[in-house]
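Read the structure below first, then the notes.
Naming follows writing order (A, B, C and D), and every chain is counted from residue 1.
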Amino acid sequence: MTGELLVFIILFLVTITGGLLMLNLTKVIHMVMALVLTFLGIAGLYIMLSAEFVAVVQILIYSGAITIIMLFGIMLTKHTEAEPKTGWAKKGVVFTGIVLFFLIMFKGIRTISLGPQAETLHENNTEQIGIMLFTDYVIPFELVSVVLLVALVGAVVLAKKDEEDEKEGEQS
Amino acid sequence: MDYVFLIPMLPLLSFLIILFTRPIYKKAGIVGTLFTGAAFLCSLIVLFSHFAEGNYIVEANWFSLDTVIITVGLEVNPLNALMLVIVTLVSFLVHIYSMGYMANDERYATFFSYLGLFTFSMTGLVLSPNLLQLYMFWELVGVCSFLLVGFYFYKPEAKAAAKKAFIMTRIGDIGLLVAIFLLFWQTGSFELDVIFEAAQAGDIAPSLITLIAILIFVGAVGKSGQFPLHTWLPDAMEGPTPVSALIHAATMVAAGVYLVAVTYPLFSVSEVAMTTVAVTGGFTAIFAATIALVQTDIKRILAYSTVSQLGYMMLALGAAGYTAGVFHLTTHAFFKALLFLAAGSVIHAVHEQNIFKMGGLSKKLPITATLFLIASLSISGFPLLAGFFSKDEILATTYGDGRYVLFAIGLITAFLTAFYMFRLYFLVFSGNSSTEARESPSVMLIPMMVLGALAIVGGYIQTNWFGTFLGDWLETTPYSITFVHHEAPFWLPILASVLSIGGIALAWMMYVRKTTSIKESNERTGLHELLYRKYYVDELYQVVFVKGSRVIAYFWMYVDRFIIEGGAAVITGAVKRFGQAGVKLQSGQVQTYGTVAFSGLVLVLLLIAVLGGYF
Amino acid sequence: MSSVPLSAFLVTALLLFCMGLYGALTKRNAVIVLISIELMLNAVNLNLVAFAKYGVGASIRGQVFSLFTITVAAAEAAVGLAILIALYRNRATVNVDEMNTLKK
Amino acid sequence: MNDSFLLTILILSPLLGIVLLSIMPGDHRFINYMGVLGTVLPLGLTLIVFSLFDRSLSGVQFKEYHQWFELMTSISPNEPYTVAYDLGVTGLSVLFLMLASLITFLASLTALRIKESAKGFYILFLLLEVGILGVFASENLFLFFLFFEITLVSMFLLVGKWGGFNREKAAFSFLIYNGIGSILLLIVIIVLFVEMRTTNITELTMLLKDTDSLEFLSGSTRTWLFVLLLIAFGIKLPIVPFHTWMVRVHVEAPIAVVMIHAGVLLKIGAYGLIRFGVGFFPEQLKEMAVALAILGVINLLYGAFIALVQTELRSVLAYSSISHMGIVLLGVASFNTAGLQGAVFQTISHGLIAALLFLLVGVLINRFQTTKLEELGGVASQTPLFAGFLLAAGLASLGLPGMSGFISEFLAFLGLFEAMPVIGAVGVLGLILTAVYMLRAVLAVTFGERRTLFDNNRDLTAVELVPSAILLSIIIWIGVYPQVLSNTLQLARTLGIGG
């Protein structure tokens, strides 16, 4: 057993445990916390895959930003302590479907055969990405910035209380 | 003879004129009478020219079927010339009579238009040279009978009787229709002469010819009120009395006998068919006579008497007595029409049909009583009157044909006939009367007198003493019929006379001398009840056919309602369920949509994996 | 060279994806549903990055793609949450079962 | 190729009425009269076609042919499938055209009573006429189907909007049953089109007769096609057990529509069965003749028995239609000249008689507001003319000689007795039953004691009397002189059988 494999197994366990916890915990806050574990595990896997920059972004955005947004979301809305249960039948159908899906995909993964490894990813990873973004992908990059802007404005508009509602709220 | 076509056309014209011209409403009787009288004159001329010129036939193309041309035409031969005269004469007399009898009816004109239509149909029937045309008119007379029986349409009994008359005769007609179909496919023609030639030449298998003959006879049974299709005829007495005289005594009901006579060459080939005819006729004769013994309604007694006499004619035909059958048909037309008209005259006077509520009318209605007596004597076979000769001819034929059982039945029937006729006569006319009554107007009496004269002398056209004029003449028919003339044994007329007088005497003893109590009592026992209820035939039919068909009908109706409609409902229901299941999926919940979409994806993947051979 | 095969990463991603899917389809709390969707996106990202290293045309482009995905996911999370809050204000619930206005 | 444009003008002539109606204001006083006028033009044109139709020639007359569009296929790119606008009439269809425009005209007269949105009614009514005329004038299966669908849609709307209490259910069952029928018909048409490369009816008849040259359509395929065709038109005819929709329509639809429905639309089933069933698949028909005859007897007896116990006049007449259509089947099954001629005669005769009967039912509803037999009775004393016509119509329906019903039943059974005497013997029972139920129903209305319930009711008015008299005189005319039909029909030449 190489060290690399050992690292992978640890990261794998962290990731999967996070996911399973998220599915099985009862409190919403705990679920989000469990998810942070998964995100961190995935970031570790990115590093193993010679994607340092992505790993950093992952930690920043997922473990940081998105988790925090979710926490805000949870706090801004009211929650019954326990998550209401979904019907067994539906769960069963979904579960069977997912297991089948998993099996089929697993089979596919096992028979996959691919070309040679890319060797130079880890060398100046961030630089490579930066060059790529500003040469080949400059237009998508700009577009994404627009998307982000739209999302920002949209989120503000949606989340903002209507003025009329506010007035009504004050009067009542 | 080219004006033969006038005979049916004149009554048809009368029908159309009365139907379409309302202004002559009150003159309808005169119009109808004139036209029918003209038709009668034509018939007489045709009869006499037939003596001179012999048979006549004219045909025209009517319809073509492939290569077969179906024709219509007019034929005059001895049999139908005679029938023509009888039909138009009785119709003419009934027209005159009805002008008096129906004078106060609010549908006076309608009545005469129906009479015109009937006379047209009946003469058309008689003149038909082919079976198809005959069948068409055969149905038409049935409809006229239906219309006239139901003339008093507001009476529920009349409605029921009209319906019954139509349906019962229709059952018989279907037999005739099937026979016509079978004959067509055997001979390729509806023409009587072609059919008869084929039959005589043996082109049709003997068993088939028997079947065909019996089917034709079924038609005759329906029309002539023979057992077992007799029940409509007594009920048909719900119609106006002149109609009973015309249709249900003299002409239409005799059409059955006429039909058997017309298709006689077919019957004569098959011994079985002949026996069927004879036995049915004989049985009906005595069967109806026994019922007539105990009935209380004057018209019903006469109706059963008609059934019985028609049975007599059938018996004669079945026993190879072509002449005898036709002879009796002729005389019967006269005296039975007279009986009905006289009965109508009585009913017209006293407005009552139950004979036990009448009595002593001979003093108030002397002419009617006399004419009724003549007719009764004639039908009873009183010596030297018309009925005597024709009845003798039938009995002689039956005896000569070797059908001794039927001969005995004929004798008994003759006795019974005399008895019930005079039971009727004595109850109505003898004794003392308390009811108010006035003799009918002369417009009613004159036709009766004409018929009375014929009922006396009508028999002399065929006697052993003055010559067998009728028989000789009928032999000039264009079709090959074997005429058998049996000389009556010397004792037969005597025996018949004795029986007839014996019957009259018995009636006199019972109802004039009153040796037995004759009060109409409500308590009837045993045989009397059985006879009074007409052997429960009506009740039997009610249960078996009417109820039976209703049961079948309801069965199918429920099949229709529950199985077929239900089946359709199950299918539509299933589709609807399926749709509702789909609606349930469209719950608006994204997760459900997701689940369904995902399940679909998994299924597709599975399919690809399995069918694509990845597993 | 590496002792961890590609399929190990792919199976990890698959497991994550399945868990995310399960959560997205069965959980009733809208926030959790959103989170589950993030999990699925993460699984996809993991695949992208893994293929960037081991794939047929292995290159840095896979990582660039995953960056885009992460960006869009962030935007999605923000908008999703905004919608959720707006909805919560109107209906006072975050239960997905009651969010069936699509039907009407 | 084009003899004249008469048929196109004829088919499109009701459109003139539609245009005029649509520019009139909906509440105009003469809107109903305008609708009636709209049906006069087609009637006149049909009379012209009928009188110009050369009875001494055989085959299709008044032909019109225009190529409509072409379909390219990858299988044979050089030989496109051609769909044509293809009109023409044979002796058979010219009779049906005459029947259709006559009954439509008479029915439009009875629709004068309609007050509620008469404009829409007459527009749909005229559209229905376009469909019917088109069905009978098409020389092309494609066009036939197109017009067939037009009748379906307009009927659906007419029943659904102007019908009785359960009109929507009736309209839907009409649509569903007939929709299924159309699908089956479409399948047959498509298969024939693909295999034979033509949809021209006459060409198809010739091609399919030459069975040796049929490479693609094996015997079993043709059997299947015949069965499909039988079901498609069997629904229309209707054959038991596909009849429930038709009873519903008879009971629910407005009288003018029922007249057309019973008088003409059901006859499309018979027309199709005779023209296509007999014309395209004679071999298959001969093979299945016994089955067909049994179906016919079932129809005949089934309808008759159920009619016997119905308590409502319209239901009686509906089941009587089923019963009478059984005779059409019997005539077709016998497959000889007499039988087929009987089938055509019966179709036309029943069209006339049913129209007359329903016309009178319309009067009954108008005067007495009921068609329940137990509530009626003795109307003969108040409305003698009406009662007389009803009785005459009833007698015609039960096959009284001298009226058209007799000669058609006679011929049909004559044919049947040659082919299958035993089935015929069972079938004649139906004739007795017909008399029983018809008299029961008619006498229940006209005879019996007078009901004080209906005092002072008018007898037939002129607008009712004239159509009744026209129908009755045609019925009697055909009954007295049936050659008038067979002269035009020339069945042997139209279908190429028998002679």
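We adopt the following convention: contacts are C-beta pairs under 8 Å (C-beta built on N, C-alpha and C of every residue); 3 or more make two chains touch, one makes a residue touch a chain.
Molecules present, by chain and UniProt name: A = NADH-quinone oxidoreductase subunit J; B = NADH-quinone oxidoreductase subunit L; C = NADH-quinone oxidoreductase subunit K; D = NADH-quinone oxidoreductase subunit M.
Computed from a predicted structure; not experimentally measured.
A.B. asks: Distance-wise, how many Å sit between the C-alpha centres of chain C and chain D, to the nearest whole number?
C.D. replies: Here chain C and chain D have centroids separated by 66 Å.
A.B. asks: Report, in whole Å, the distance between the mean C-alpha point of chain A and the mean C-alpha point of chain B.
C.D. replies: 102
A.B. asks: How many angstrom lie between the centres of chain B and chain D, each centre taken as the mean Cα position?
C.D. replies: Each chain reduced to its C-alpha mean, chain B and chain D end up 37 Å apart.
A.B. asks: Please work out the Cα centroid separation of chain B and chain C, and write it as a whole number of Å.
C.D. replies: 97
A.B. asks: Residues of chain A that touch two or more other chains: which are they?
C.D. replies: Within chain A, residues 90, 94, 101 contact more than one other chain.
A.B. asks: What positions in chain D touch 2 or more of the other chains?
C.D. replies: Where chain D is concerned, no single residue meets two or more other chains.
A.B. asks: Would you mind listing the residues of chain B that make contact with two or more other chains?
C.D. replies: 595, 598
A.B. asks: How would one label the connectivity among the chains shown: line, ring, star, complete, or other?
C.D. replies: If you draw each chain as a dot and join those that touch, the picture is no line, ring, star or complete graph.
A.B. asks: Could you list each pair of chains that touch one another?
C.D. replies: Chains touch in the following pairs: A-B, A-C, B-C, B-D.
A.B. asks: Using the touch rule from the top, collect the residues of chain B that touch chain D in their complex.
C.D. replies: Touch residues, chain B against chain D: 61-67, 132, 135-137, 139-140, 143, 150, 153-154, 156, 158-159, 162-163, 166-167, 170-171, 174, 177-178, 181-182, 184-185, 549-550, 552-554, 556-557, 560, 564-565, 567-568, 572.
A.B. asks: If you look only at chain A, which of its residues touch chain C in the complex?
C.D. replies: Chain A residues touching chain C: 2, 4-5, 8, 12, 15-16, 19-20, 22-23, 28, 31-32, 35, 38-39, 42, 45-46, 48-51, 53-54, 57-58, 61-62, 65-66, 69-70, 72-74, 76-79, 83-84, 86, 90-91, 94-95, 98, 101-102, 105-106, 109-110, 112, 114-118, 121, 125, 128-129, 132-133, 136-137, 140, 144, 147-148, 150-152, 154-159, 161, 165.
A.B. asks: Using the touch definition from the top, list the residues of chain D that touch chain B in their complex.
C.D. replies: Chain D residues touching chain B: 173, 176, 240-241, 243-244, 302, 305-306, 308-310, 337-338, 341, 378, 380-381, 395, 400-402, 406-407, 410-411, 413-414, 417-418, 421, 424-425, 428-429, 431-433, 435-436, 439-440, 443, 446-450, 481-483, 486, 492, 498-499.
A.B. asks: For a test of understanding, state which residues of chain C touch chain B in their complex under the given definition.
C.D. replies: Residues 21, 24-26, 33, 96-97, 99-104.
A.B. asks: Which residues, counting only chain C, touch chain A once they are in their complex?
C.D. replies: Interface residues on the chain C side: 1-4, 6-12, 14-16, 18-23, 25-29, 31-32, 34-36, 38-39, 42, 45-46, 49-50, 52-61, 63-64, 66-68, 70-79, 81-86, 88-89, 92, 94-95, 97.
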